[in-house]
Amino acid sequence: MAERNWVKFEFPSDTRNVAFARTAVALFASQLDWTLDELEDIKVAVSEAVSNSIIHGYQLGAGIVRVEVEYEGSKLTIVVEDYGQGIPDVAQAQETGFTTIPEERMGLGFTFMHEYMDEVLVSSEVQKGTKVILIKEVPQRPEG
Amino acid sequence: MAERNWVKFEFPSDTRNVAFARTAVALFASQLDWTLDELEDIKVAVSEAVSNSIIHGYQLGAGIVRVEVEYEGSKLTIVVEDYGQGIPDVAQAQETGFTTIPEERMGLGFTFMHEYMDEVLVSSEVQKGTKVILIKEVPQRPEG
Amino acid sequence: MQCSFNTVGQALIAKLRGELDLHTSPQFKEEITKSFTTHPQIKYLIMDVKDLQFIDSSGLGVILGRYRELEERGGRLFFVEANPHIKRVLQMSGLQKISEFAGSTAEVLQRVEGGQL
Amino acid sequence: MQCSFNTVGQALIAKLRGELDLHTSPQFKEEITKSFTTHPQIKYLIMDVKDLQFIDSSGLGVILGRYRELEERGGRLFFVEANPHIKRVLQMSGLQKISEFAGSTAEVLQRVEGGQL
């Protein structure tokens, strides 16, 4: 059981920062007792959420992406937030294969987030921005 | 020559976060073309500055540490800031061997920062906090 | 991310190293598109992903784009030495249904050249 | 950070793995202090730092603290298989003046047991 800890960071919407964001989150998350595979899962989910803020939220233009990572006990919560164009229908956006850029994208970002995390909560307001909350618990492991 | 980029992060004053801070800074800094040794130097300097905020700034109590990393061209600037007890005499504090906790510490933190970075700027106000600016340029390397 | 390309008859072998994501996939897309244009005979794409350390849906999107072209040419897509993480991502994306995993490039080439495909 | 201890005659061999900083040094301090207390015969401290990946002034402080005790006992401090980064930190801290680098633990033990010290 780990005592509560957190980090918040923000960076410009720039594709160079996707790798930084997912690796920094995994670095902080590694204060908990994940397997390497679970850390890889967390990286994919963060990569998808941050990429979405950059491509969809800011349409590859200027903007700020904020990431918060927090844990308490065995529960890890990651918040990825942008102040970009927002999502009109968050349920539809999360359907597998749904994408507003079909020429380029597969509509799998949210599907990956749901697959790799225990819980994904999306809230968004058009012209205001989008907030994605990713939750994952360290599984109970047999004592070794 | 790298186009400007930056990240800001903040976390609670907690010794668990020293390793996170130095590794996250090195991770971001690695967008520039450092050698592994130079990245190691940056890690030591950040480790010293963040440790100082936690031990001296907040005397191992509660508080927030803020870190900003920014680069443009070949110049990397790191700012480590706390809102803790501050330093009455910043020149004296930077003397090799000077420490206010002689039973435990060696007074080498600032010496390491000066040794490993090109420039170190310290500003502080008693009861307000301390800001340390660490600057390092990627050396010109022979084309290879 | 680094990628290198090699053609053997109708096969294009693309070797990826590093991380394929939103930032690095445009470079990969450009280079593989160039290979497809300069080698119109290509029907088999062999992705050597042994040294690929990370891939997300942005990276997969570029590979799927190439798959569509292969399909028009009546070709096939192979992934060589995929680690479990990459296998899982491919499975989830559905790319696995339209492609095959293989243990080595040589093995795929043998099948391609032996006319077993 | 993990540390393990071994005594051979008057020598204490401390093997460090991982990162020694503000967070991890209290644990190391506690364990090495215990070893010094339970083995009052110890005069030689051999720090095996081959697998030590990081050290800063907080980590060095703990080692220096032990050095002071060794000095009172007329002992010596050795660093075995220090990488260039760790050598540099030790040099800058002045700890190098009061200690010696060695290539292997066996080499130091030989000198200690051979009465060459």
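Chains here go by letter, A, B, C and D, matching the order in which they are written, and residues are numbered from 1 within each.
Going forward, contacts are C-beta pairs under 8 Å (C-beta built on N, C-alpha and C of every residue); 3 or more make two chains touch, one makes a residue touch a chain.
Quantities reported herein were computed from a predicted structural model and do not represent experimental measurements.
Steps from chain B to chain C, taking the shortest chain of touch contacts, total 2. Each chain gets a centre from the mean of its Cα atoms; the one farthest from the centre of chain B is C. Centre to centre, using the average C-alpha position, chain A and chain B are separated by 28 Å. With centres defined as mean CA coordinates, chain D is found 51 Å away from chain C.
Residues of chain A in contact with at least two other chains: 16.
In chain D, no residue touches at least two other chains. Pairs of chains meeting the touch criterion are A-B, A-C, B-D. The part of chain C that touches chain A in the complex is made up of residues 19, 21-23, 54, 56-58, 60-61, 64-65, 84-85, 89, 92-93.
By the touch criterion given at the top, residues 5-12, 14, 16-17, 20, 23-24, 27-28, 31 of chain B touch chain A in their complex. Contact residues on chain B toward chain D in their complex (touch as defined above): 15-16, 18-19, 22, 37, 40, 43-44, 47-48, 51, 54-55, 104-106, 108-109, 111-112, 115.
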